[in-house]
Structures are given as C-alpha cells and as structure tokens.
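Per-chain numbering from 1; labels A, B, C and D assigned in written order.
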Amino acid sequence: MGAIDLADIVFYILAIITLASAILALEAKEIVYGALALALSLLGVAGFFILLDATFLAMFQITVYVGAIAVLIIFTVMLVRREKWVEKEGVNRVAGIFVTLLVALGMGLVVLQSNIGQRVASKEAASFTQIGVQILSLYWPVIIILSLVLSAAVIGAIALAKLDRG
Amino acid sequence: MTQIRSFSDFLIRVIKIVAVLAIIGGIFVVATSFLQIMFGMSELPLPISPSDLITNPSALISLLTGLMDTDFFRISVFPGFTFVALYGAIAGLWERKLLAKMQMRVGPLYAGKVEGVLQPIADVLKLLFKELITPKGADRFLFGLVPVLTVVISTAAIAVIPVSEHWVIAQSDFGVLVIFAVLGFFPITVLITAWSSNSKFPFIGGLRALHQMVAYEIPLILSTLVAVMYSGSLNLINIVNAQSTYWFILFAPVSAIVFFICGLAEMERSPYDLPEAESELASGWLAEYSGMNFGLILGIAVYIKVYIFSALFTIFFLGGWLGPNFLPPEFWFILKTAIVTTMILLPRGVLPRSKIDVLLRQGWARFLLLAIVNIFIAIVLIQAGVIVPGAV
Amino acid sequence: MGYDIFLVIMTAGFGLLAAVPMLILPKLLAPKSKNLAKEAPYECGNIPSGSGRISFMMQYYSYLLMFVVFDVMAMFLFAWGVSYLATGLIGTIIISIFILVMLIPMAFTLFHAGRRELW
Amino acid sequence: MEPLVNYLLISVALFTIGVYGLVTKRNALRMLFAIEIIINSATLNFVAFSRFLSTPSITGQSIAMFAIALAAAEAAVGLAIILVTFRLKNDVDVSELKELRG
C-alpha cells in the first residue's frame, strides 16, 4: 500500500506544479519568467508520462521540449524583449475567463458523465521497444512525411528569419 | 561582519560557525529521517546498544552491511555524491599539478606537507570566507538559483551511471536517455545566467556557451547510438555486459573519437573553452559570480561533469568494469575512468583555443556527418553478421 | 512504476542538500561591505554604460533552428536503434530514407549560416 | 494508480488554460505559449487513454511522439514569424498585423 500512496502524493504535487506554472506562463509580468514557467509546466507533463509507465516518451518530451523547444523560445524571448513592455489585453479579461469556464464546464461534464473515467489500468504496461516496431511498420508513411515536414520547417524558418538582402 | 581584531571577535565567529553547523546538522537529520520513511529503511535491524557492541562486535558488521544495501547509502556515499565529489577534488588537483609539470612550474605546493595535496580543502575554506556579490540590476532570484541548479542537474546524471553491476543507484532501462535528458537542462541554466546577470560579458559568453552546447549535443547523442545498437539496450549495465568479448572501441573507433571531442565541447574544456575564455571574456558567462557561487559551478559542477563524461566513455567504449578477475570490477572501472579523465585534462596544456564560427561549423558539418556515417557503418557491420546485437 | 526516475530525482535532491549549505555559510562567515563600485557590473574597469541585456547579433540563429529539428531526429533514431532486430531490413531502409531527407535542411542551414551578410 | 478520470481532468484543465491564453492575450509569444500548453494537454490525453486500454497498447505513445515532433516544427516556424513581426513592427503584438485587412 505504501508505494501506491506515494504515487498518489506525487500525482497531486505534479498536478499543482503543472497547472500553476501553466497559469504563470501566461500571466507572469516578466515574460522571461513566463518562458521558464512554460518549461517547468512541460516538465510536469513529462512527470505524468512517467506515472503512466511511458518513461521513454517522458525522456523524449524532456529532451525535445525542455532541451530544445524551450531553449529556442527563451532565446527568442530574450531577443525581442524590451525593458518597458506594456502588453495589451485583446479581449476583456472577464469575458475571456467566462468563455474559458464555459469550455471547461462542457469538457469536464463530458469527462465526468461518461463511465470511461473509472477504468483501471491493466497490470502490464506495453514494452517501450514496441514504439520503434510500430512507427517503422504500421506508421512508416508518417515517418517519411514527418521528415519532409521537419525539413520544410527548418528551411522555411531560416528563409523567414534571415534579413532580405538578396 | 567586521574583521577579526580581538580574541572576543574570534570567539563570536567560532560560536556562529558552530551554530550554523548545528542548524545544518538538524536539517540533515530531518532529511535523513524523511529519506528513511521514503526508502523503507525501517526494515533494517534496529540500532544496537553499545553494550551489545562490546560483547558481540560482529553485530556492527551486519549493521554496516545492512546500511550499505540501502538506497540512501548509494545516493550519498559510494556511487553517489561523496564518491564523485572526492573524485572531482582529486581530478582538480591532478589537473593543476599536471599542467604545472607540462609548463615547467611546480603547481600547488604548500597546503599539505607533500606536493600540496590539501589544496582542494584550502580552496573550499577560502571560498567559504568570500562575500557573495550580486551585481546591481541583476535578477536576484534567478542569479542565485543558477549555481544550485547547476550542481543539482549534474548530480542527477550520476544516478544512472553504474560503477559495477552491483554498485549503481538507479538501475534504469532508459539510462542513456536519462543522461541526455539531464544534459539538456544545461543550455537553460546558461541562458538564465546570461539574462539574469545584467552584464555584457556574461551575456556574450552565455550565448556562445548556448550555441556550443547545442551544436555538440546532437553528434554526442548520435555517437552513442552505435553502442546502443550493438548491445540492443538502453540500460548502461547491459551495454557493458555486451562488451564481454570485445570492447566497442574496436568496432566503432570513429564514434569514440566523436564522443570524446563532443564531450570536450560539452564540458567547455580546452580547446573548446571559449565560452569561459579567461583572457578575452573574463570567464564568460561566469564573470559576475564570486565566492562560493563561482566555486559551486567551476569547482564542483564542472568536475562532476568531467567524471560523468569519463565514466560514460568508459561504459560505452572501454568495457566498463570488465577486466581480469584478480582485482575487483570497481577497481577496473575507476582505473579506466581515471585514464580517460587524464586524456580530457591533457589538451589544456597543449592546444590553443578555437574560434566560435570554426567551432560551430565543425560541430554541425563535420561531427554530425561523421556520427551519421558511423550509424551506416554499424548497420553494415550488423547486417554482415560481424556483430550480433544483444549478444552477451 | 518509474522508481528508477524517482531515485534520479532523489539523487538530485541530495545535490540540493549539499549545495545549499555552501551558499548559506558564506552569508554568515564572510565580511560584508557596501560599495557602489563593487556592485557595478564588470566592464573591464570602465563605468558600465547602458543595460546589460543588449540586443545581440543573431548570426547563429539558424544553428539553433537546426538543433530543434535534429534533436527530434536523434530521438527517433534511438526509438529505432533499440528495436533494431525486430524492425529488420525494412525498418532500416525507412530510417535511412528519413536520415537522407534530413540531410537537405542540414545542407541548407550550413550554406545560410556561412553567409554572414544575411544575418 | 490514479483512475483515468484524474488524468483527463488534468488534461481538461491544461486545455482550458491554453484556450484562456489564446482568447485574452494579444502578445504573439504568449499565444505561442498557450498553443504549446494545448498540444501538451492533447498528448497527455493520448498517453492516458493508451495506458488504460484493457490490452497493453503503445499506439498512444507513438502518436504522442509524432505530436511532439510536429510541435518542434511548429515552434521553429512560429518563432521565426515572431522574429519577422518584431523586425517589421518593433513589437510582437498580433493586433498590429492588419495590412491584409480589406
């Protein structure tokens, strides 16, 4: 029983960290703090992956999201940031929160109403070596298309980011 | 705090030190009991009374062996923090003596009777009595966070490194990925430093360090992929056991060289130490750090990193703890790691510093291509039947 | 269920336990003095001018973009390398196509990163 | 282990926070943060459902890997667009981008 209790505690700590830093990412006054909070939030999601027996995916998430995407985001934030930065609010914040609560209510009701939520996980988790087998047999077209998408992303991003001097 | 001018000043200082040590000890006791609950150390035999010890000394041995089997002992002492910190201190002293001998100097000489062996302790004591300066306009929270964060991250990586089949903290099936996930945090700490110092030298040095770490991370990851393919596992213990007949350096020499050079660049060691170039950038991204802040990064974290890369090189390419049977496997592991560490320290006395554009172009154009070519060579070797993946 | 990762985090926690006292001790032991010149950012002895957080050259931005994409590629290669035997020759061919396609953005990036007038 | 509903609720909460950011913020960087949070809620959903199937399955993890890879591509292009915006307008406010308005 002891181990299960520990997993529950870890789950709730992770939930608090993830949600709080996700809110902080959007609401922090200083946008560099916001970017760091985003990285922390992504780390929290990786923690959920570990709890779901998807350690390989968690490591993938940390290496790609925290190690690469977050670094690129923080770098760009430092590049475009200025000392006195007044951020304009697009819509009235109250209206935004109202719309958001509506979305949350709808989706939450769907989750709570259906009986799918009470499922219990199977004892054995699938082995992570199956990922390689699956993406190279069943989903092999996705890999090829993904390589093209990634290539296009790099080329497009560089074409956008360079100064146009011919 | 004023200078010590009289005996009473001295007494006050000593009392303060004792008080601080008592507080730290209290924290330590609380943390230990917390860990005890966590790791179920209550299953241990209960602490025996001193009278038992006199009548039955062998009870002490059973107590000690019981203690050595706990996770807490592993984390704190042997393959864990104390061992690595000691290794790092010796490596630091060894580096200074080695460089001095190469440059016809004497190096550390006075601390300790023999050849300055107590120099690391003297350094730590000196740094403890230095003031921690935060530059004006700096972001105090992030600025103070970075030294702690650097030590924490580099400590996390030693958890999955096995010293022998028995002595490992976390027997993870994802050891290689854990190492690279942990290494992925270092660019963020560098970026935080660059931004939070509010000074131009750390900014320039930090961006250099960022680009350098990023450029050499991919070739580093891909050069270890060959070892993973040969052994068919991400578990570092399985990777070593797969080398029982031949070391992987025989089948992937180019991969080993790529790993070594990219390791040098990741550790910011000479000839790739330009993010913290003393003579041109005033220690680069560390320029604003003083006292123990500086000591934590350059004195502890850097040498833990040196240990990590030496140990990884040993595990991936030099057969880990495998060796003749007349000595324990731990000895072979530490011997090989020490040799690799010496190889890492040597270029500082020999090679001049590289240039940033040359460095980045080398990393992306040469080493990445070499690593990819190596993967194809490995495919050919496996398809030709020279190596059977997963063979132990 | 992730006990190995839990141990990794505990080891990191021990690192925290070791590092924090090292920063508390100097606050109590070391002498302190207020000095404007001491707290100024380091600029080779000159009086610092302007903000330290300058807008910087982004000559090597393309390398960063390349890193994001090649990190993904490296992790996919690990997913393949672990299950090498199970995927067989067909998997090898597919992953070879994947790597070869990724060489195109690599060449593009290296060409553009080398032209300094672009950035 | 927690029942599936808890993971789904976390996912819903993350999605909601992301939607809130997209609705109220006009700073392009903040909107990018919100998009990243939404993508993460989706991947969490995939992994949770795949773990709670009656037979052990890995499909959710494969899909999540593809989603993360696409997020990397999206971040690269999105940040380049933000850079261009900054160069042109000296700001990253998306409500300033109205040249194409009829």
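Descriptive notes on the structure:
Convention: a residue touches a chain if its C-beta (ideal position, glycine included) is under 8 Å from a C-beta of that chain, and two chains touch if they have at least 3 such contacts.
This one's a predicted model, so the numbers in the text were calculated from it and none came from an experiment.
The chain occupying the central position, as judged from C-alpha centroids, is C.
A straight line joining the Cα centres of subunit B and subunit D is 35 Å long.
Chain geometry summary: the mean Cα position of subunit B and that of subunit C are 17 Å apart. For this pair, subunit A with subunit D, the centres built from the Cα atoms lie 6 Å apart.
Work out the mean CA point of subunit A and of subunit C, and you get 18 Å between them.
For subunit B, residues that reach two or more other chains under the stated contact definition are 38, 173-174, 177-178, 195, 214, 217.
In subunit A, the residues touching two or more other chains are 7, 51, 53, 55-56, 60, 63-64, 67-69, 71-72, 75, 78-79, 128, 130-131, 135, 146, 150, 153-154, 157-158, 161.
Of all residues in subunit D, those touching 2 or more other chains are 1, 65, 68-69, 72-73, 75-76, 80, 83, listed in ascending order. Contact between chains, per the stated criterion, is found for A-B, A-C, A-D, B-C, C-D.
Here subunit D touches subunit C in the complex through residues 1, 65, 68-69, 72-73, 75-76, 80, 83, going by the rule given at the top.
On the subunit B side of its complex with subunit A, the touching residues are 38, 40, 173-174, 177-178, 180-181, 183-185, 187-188, 191-192, 194-195, 210, 214, 217.
Of all residues in subunit D, only 1-10, 12-21, 23-27, 29-30, 32-34, 36-37, 40, 43-44, 47-48, 51-59, 61-62, 64-66, 68-77, 79-84, 86, 92-93, 95 touch subunit A in the complex they form.
On the subunit B side of its complex with subunit C, the touching residues are 1-3, 13, 16-17, 20, 24, 27-28, 31, 35, 38, 71, 75-76, 80-81, 85, 127-138, 144, 147-148, 151-156, 158-160, 169-174, 176-178, 182, 195, 197-204, 207, 211, 214-215, 217-218, 221-222, 225, 228-229, 232-234, 282, 287-288, 291-293, 295-296, 300, 360-361, 364-365, 368, 372, 375-376, 379, 382-383, 389-390. Residues of subunit C that touch subunit A in their complex: 1-2, 4-6, 51, 53, 55-56, 58, 61-62, 64-69, 71-73, 75-76, 79-84, 86-87, 90-91, 94-95, 97-98, 101-102, 104-105, 108-109, 112, 117-119.
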